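Have a look at the structure below, then the notes.
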Amino acid sequence: SDTIKIAYIDPLSGPFAPVGQNILNSFQYVAEKANAEAWAGGHKIEVVGFDNKGSPQESLTVLKTIIDKGFRYITQGNGSGVGLALLDAVNKHNERNPGKEILYLNHAAVDPDMTNSKCSFWHFRFDSNSDMKMEALTSFMAKDLAIKKVYIIGQNYSFGHQVTRAAKEYLGRKRPDIQIVGDDLHPIGQVKDFSPYVAKIKASGADTVITGNWGADLALLIKSAKDADLKANFYTYYAGTTGVPTAMGAAGIDRVKQVSYWHPNNESFSGKEIVEGFKAKYKDDYYSMATYTVIASLSKAVKESKSIEPLKVALTMEGMTVKSLNGDDVLRKSDHQIQQPLYISTWVKTNGKDVKYDQENTGLGWQTNQKIEAFVASQPSSCQMKRPN
Amino acid sequence: MTVFSLELKDVRKSFGQSEIIRGSNLQVPKGERFAIIGPNGAGKSTLFNLISGRFPISSGAILLNGEDISRLRPFEINRRGLSRSFQITNIFHRLSVYENLRCAVLWSLGYKYSFWQRLNGLKDAHERVEAVLEQIGLKNRREIGAGLLTYAEQRALEIGVTIAGGADVILLDEPTAGMSRSESDAAVELIRKVTVGKTLLMVEHDMSVVFGLADKIAVVVYGEVIACDTPINIRNNQKVKDAYLGGHAPVEVAA
Amino acid sequence: MEFTLITLLNGVSYGLLLFMLSSGLTLIFSMMGVLNFAHASFYMLGAYFAYTISSKLGFWPAFFLAPLLVGLLGALVERYGLRSVHKHGHIPELLFTFGLSYVIVELVQLIWGRSTVPYAIPAMLDGPLFTLYTTTFPIYRGFMMLVALLMLLSIYLLLTRTRIGLVIQAALTHPEMVEALGHNVPRVFMLVFGGGCALAGLAGVVGGNAFITEPGMAATLGSIIFVVVVVGGMGSLAGAFIASILIGVAQTFAVAIDYSLMSALAIAGIKVTANTPAYALLSLSVSQVAPILPYLLLVLILIFRPRGLLGTREG
Amino acid sequence: MSGFFEIKDLHAYYGKSHVLHGVDLRVDRGEIVSLLGRNGVGRSTTIKAAMGQVDAQGSILFKGEQLIGLKAFQIAHKGLGYVPENRDIFPSLSVEQNLLLGQKSGKPAAGKPRWSLDDMYRMFPRLKERQHTAAGVLSGGEQQMLTLCRTLMGDPDLVMIDEPTEGLAPKIVDLVAEYLKELRNRGISVLLVEQKLAIALEISQRVYVMGHGCIVFEGSPQDLRGNQRIRQEWLEV
Amino acid sequence: MIMTKPLSYTPINLGRRIIWSSFALLLLFAPLLFSSGASLSLLSQMGTLMIFALSFNMLLGQGGMLSFGHAVYSGLGAFIGIHTMNLVSAGTLSIPISLVPLVGGCAGMFFGVLFGYVTTKKSGTTFSMITLGMVELVFACSLMFPGFFGGEGGISTNRVIGKPILGISFGPQIEVYYLIAIWLFISAVGMYAFTQTPLGRLINAVRDNPERVEFIGYNTQWVRYLTLILSAFFAGISGALSAINFEIVSAENVSAIRSGGVLLFTFIGGIGFFFGPMIGAILGVLLTVILSDLTKAWQLYLGIFFILVVMYAPGGIASILMMNLRVLKFGLYKKIWPSMWKLILACAVLALGAVISIEMLYQISLEGAGAADMQLFGVAFAPAKPSAWIVPLMLMLVGGLSFLRLRPSFARDWGEANTDIQEQLRRSQA
């Protein structure tokens, strides 16, 4: 039996460190559980954190280091910019070093390109991509006839651009009557005062805001909106990530909605042992459920292929069905994009019933509005995958 | 009409409201040694600053060898053959004595901003520096950092840097300030030696130096040249006595 | 109209926040010549201290205690660190504060953890101050503006009613001589540095809950406060004030303007398409350019007026 | 009168180099004393040591208090004034600000200070004219005047002046001599380091001659005038 | 006069040749010592950073120009380099990879000509601040013009283009290493040679006293400007090399952070010596890449390290090295060694204790109270148990106290040794 070592390449220092550290802890917590329960048969799984300082270039240095240390699996997610760079580098490495391939398990970088125009055999995505999430979000919004005017605001980088594009496109298709009254891209992680943006949103008369913002960028945006008494609903991707719940606090109640592939207050509270165990151990919330899917998929593929060789494992993973906390998910063969359900939920007070778990001890948590089944959430792909022969 | 080495025509300079130089006229013939004296704050150093291009003049004209230099920048004036020293020592403290002088000769030897020639390969520069070192008596201090020299040595180097470029009009601002008697005697000798055949303009408060060195003395008071004459006439000029000398005109001239 | 007024108000209040942040730096950088890269870290410390104190004793004690603590810390840093570095010149000082900023961030994370802490606006300052048309203006923003103005006033009095400013400026060139005239230069330096840090701490107390208190809050501040100080002019408090407001208002308004060169050309009847040369430049809207405005201003000011707006000296 | 200002067996060092080898000198109340000597013998160092700016051993008593070990600003507060040879004016401050800095920080000593800004301007009208000019652009001589006045603003009981007449026009030199006498008349003692022998001899009550880090002569100006050997050997005149 | 040509005038070419040849040998054989893929990649990074730091020191060390924006030149060099490579692989251009650094250098130079004209108008703090504004401007532009800068994700490339020449495809890291090594050697020689040219000397003069330079016939602005252009050329080379090495260039390459980094490490290495920046570059890579790999507390260590260097070795590592070498050369080591080794030992003990404590603190803070045991220096520690703290605290106490006790005697010995040397030097000069 061997130890399968996964290198976790994400920010562990700098402004994005809180999220990076939380997810690393999540990975290690799940891996511990997997080892205790022998998910991968006799093999052990170990996740080792490496700091990429949030930079694409630094990530490539780290990649070289970990390859040298004998790692064959990497996982990354915080930032699609980094994701695209790693994807490219992994492809090049695998091409130049046959027999020593690396497999990239993507837990959160959701730029659709990674499973479309830039798709790769060596990359599996365990998060739903931003188009899938937007599809779900807009379908949900389409039913709300009160929505008349929408404002889109995002961070100025690949993911933010994708959100803006998809939002316009899908809303235009589903609800042509909805007016896009404005869209803004602001520098990522640099805006301290969002009130000018809020003033703009307000002046536009928007009743709904769509944003892919995360981290401080989301927290500050919602805070400013509250201060200026902006009466608009927020449709978000990442209101559940470290730091945002605290900053949002009561200001976000009923106002903030989120699209995600899982949340702790799901219909069956699936994953509650992990949520509770994690909280007891780290005094922090478990929200990045993709960590579970990654470990579970890898374990299963190792077990089935009876190999820890990335090539074999990848071939096995293709089209494989894995049991995760949100049901039976499929790792679609054509583009390596996981197919899983999506939830639309709203930020409300915990009530001990359907809203049991709060986040960051705020007494507030997510309440499901709608669950979108995997086949509904699914999206076509333009991927033309090159497979090793 | 003879061309003067240096000629000031009704030069004026104001700083803000106050006019410091109020129409100075001066004509320095080639090869003469001129001393400028005058009360503190009369504008002697300012005059030097104007001539050497450190400040722009407000009006008037300054001619160097008949050519108007009053709108030029310091380095342009220097390239036309005028070089000056400073009242407060102004050398390159972290460079060695040798390098100080080498920097000073480079432009005049035509090396300009060259970064394709090796300094150590420049024979002419080396020889010129050696000659200057010899003249100013710092031959065996060549490798010492200029900042570590004693005060008198620094003053000598200051003069060395000023003359090394081979300028033919030299301006010296209080070259012997702060020196002891014997040191300043040595400095006078040095100045006499290095300015042979050149035009010299010098500000000094030490009357024995002034009267010992100068062919002619110009007296500046309140931004005007009130007198310009031979030392003997100056010494007997009542106006100068009142304004500047008091009872201090040295009795024996040029010992 | 509502939009213009609100944006103006937002701009001014953002400007005042910038001023709060940079007033301490003006003191330290332009008076003492120390490029204090850790200034924003002291701002962060102010916020964290205030968070801890206010959760024990309430907001008002924190409002007074936290800046004091930060000031004390600053004074200690000066006394046991910067002072010995000072004689080696500006670059070592800069590196010292640079290292310090790393250490402070890490210590903050060790003590308070890596994620956001719930440092909230006190109830009595929460809520709207007035409503302009339909937009509310929060009390807390008003409070921030008041604090900034009080800061301006008190530093101004300190600098004009005492000779501290003169002593520091003189000591920059001839410290020994200033001492020989009977002034305790090291102590003045320590006080000024501590005072500057205390001001940063105060800004942290006020800014920490207006925005968010997290370990990254120092890093995002970055160089903008240097821009304020330099644009305002070295040694000029009033300059820093004007520069802050100027930058605040300009940036806020820029964000609001969606016009680009392209739309200007369109009005002139010239159609620009994606194939037009320099399309990328032409299609940039003013709001997208907003982030670079302060730096553009900095470069232009330094080229055309190196003394800064109201500065008295260069460099 | 057991010592108003008394230096005994003073040794001073720049790093390792031993510059003063046991200097003894004394200034009494209301006296002008000159310290003469060639360049580099250590006259400035003596003054700097008294001002706490050089490492020194030995004893410096001022009004009965030991100055060695005190910091410069403490010494200044005891009533010692220092006019440095290289002027050290504060270039970016105006003339008036320079003068104001001469006043000591902290509470003023009992009684009214002997000098006011106006006194200074009366002494050197030139300074009044340049009142609001940055001191850095003053002419050499003006700077010299400013340095002297700045120290006087601190209301010292003893002023140590290092080469005050350097760079001054001959007429102003006479003026400075007059003012030094005036200082004495106001009860201020002066320790003068001077290059210009004539003036030193004219205004001082006593003179010291220094050679290589120690005192080689002490006496009245007349004594020195009469002592050809000392003048030859130690003053090169 | 030619007869009395003094000895010191002839430069000691022999010594210099030896140094340069051993440098070349070192570059040649380094991969044999550190042969693993990762160390090769580290060596490559060090190489590019060395060029960058040396070029930065042309400004800071030689010219006294503190730039906060030097990354602009290396970064833009890198971008042009990578676009060139992409054009080559698209077939629109035909340049061998080995010459891409030259393209980068020219690009750096071009931007040096462009921006330098503005920045070098002034010197001192004004210069620093303009460069700060400039780098922030360029950085902000990188997000506005994603076509050129590739937005937040940057531009990537494939360095293996076309057919291998002489069997060199630049795919394997070792080939890239040697490419970098060759360019490093060329650049280092070039930059050293610069210090020995008229312009190189004049920039020293400008650093010392810009005012006087104007009065010996030179326009200081031009001296600064030309130096900056040359320095930008070398910065551009380093940028293009890093583009080849990483096969990606992103906006951070033109950021203030990158510029600050090179300032930091150049200074740590020592700006007063030509080779100082090279030491700084080695340290820089080790500290940021390796240390962050070893421990989560790396930023804390980094911060403490900077502070210590600045406080106790303001001349940088190079100055410590040279001072020790000097003591060695004068044979005075036996005099200081007795107190030196004790002090070093005390420091080591202190550092050991501190490191253990810091690591345990981090373990607790990151892993929560139930922090697992950890391995440090091959020993297991259980940070959760108070007893585990006894050892490191004791170490710190013992180390700290003995440090305080031993320092004065070392300082005295060290001071004496150095005055001895100065004495000897003075005597030999007189």
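Assorted remarks:
Here the chain labels run A, B, C, D and E in written order, and each chain numbers its own residues starting at 1.
Here is the rule we go by: a residue touches a chain if its C-beta (ideal position, glycine included) is under 8 Å from a C-beta of that chain, and two chains touch if they have at least 3 such contacts.
If you want to know which protein each chain is, UniProt gives these names: B, D = ABC transporter ATP-binding protein; C, E = Branched-chain amino acid ABC transporter permease.
Not measured: the values here are computed from a predicted model.
Think of each touching pair as a link: the shortest run of links from chain A to chain B has 2 of them.
Among the remaining chains, those touching chain D and also chain E are B, C.
Chain centres here are C-alpha means, and the one lying farthest from chain C is B.
Averaged C-alpha coordinates put the centre of chain A at 77 Å from the centre of chain D. Separation between the centroids of chain A and chain C, computed from CA atoms only, is 35 Å. Taking each chain's centre as the mean of its C-alpha atoms, chain C lies 46 Å from chain D.
Taken residue by residue, chain E touches two or more other chains at 140, 299, 366, whereas all remaining positions touch fewer. Of all the residues in chain B, the ones that touch chain E in their complex are 52-54, 73-75, 78-79, 83-84, 86, 90-95, 99-100, 102-104, 106-108, 111-120, 122, 126-127, 130-131, 142-144, 161, 164-165.
Chain C makes touch with chain A in their complex at residues 2-3, 6-7, 10-11, 13-14, 17, 109, 114-118, 120, 128, 131, 134-138, 140-141, 211-212, 214-216, 219-222, 251-253, 255-256, 258, 287-288, 291. On the side of chain A, the complex with chain C involves touching residues 14-18, 21-22, 156, 182, 184-187, 189-190, 192-193, 195-197, 199-200, 202-203, 216, 219-220, 223, 227-229, 242-243, 246-247, 249, 284, 360, 362. Contacts from chain C toward chain D in the complex involve residues 163, 166-167, 169-170, 172-174, 176-185, 312-313. Interface residues of chain E, counted against chain A in their complex, comprise 36-39, 41, 45, 140, 143, 151-154, 156, 158, 160, 171-173, 246-250, 252-253, 289, 292-293, 296, 298-299, 366-368, 370.
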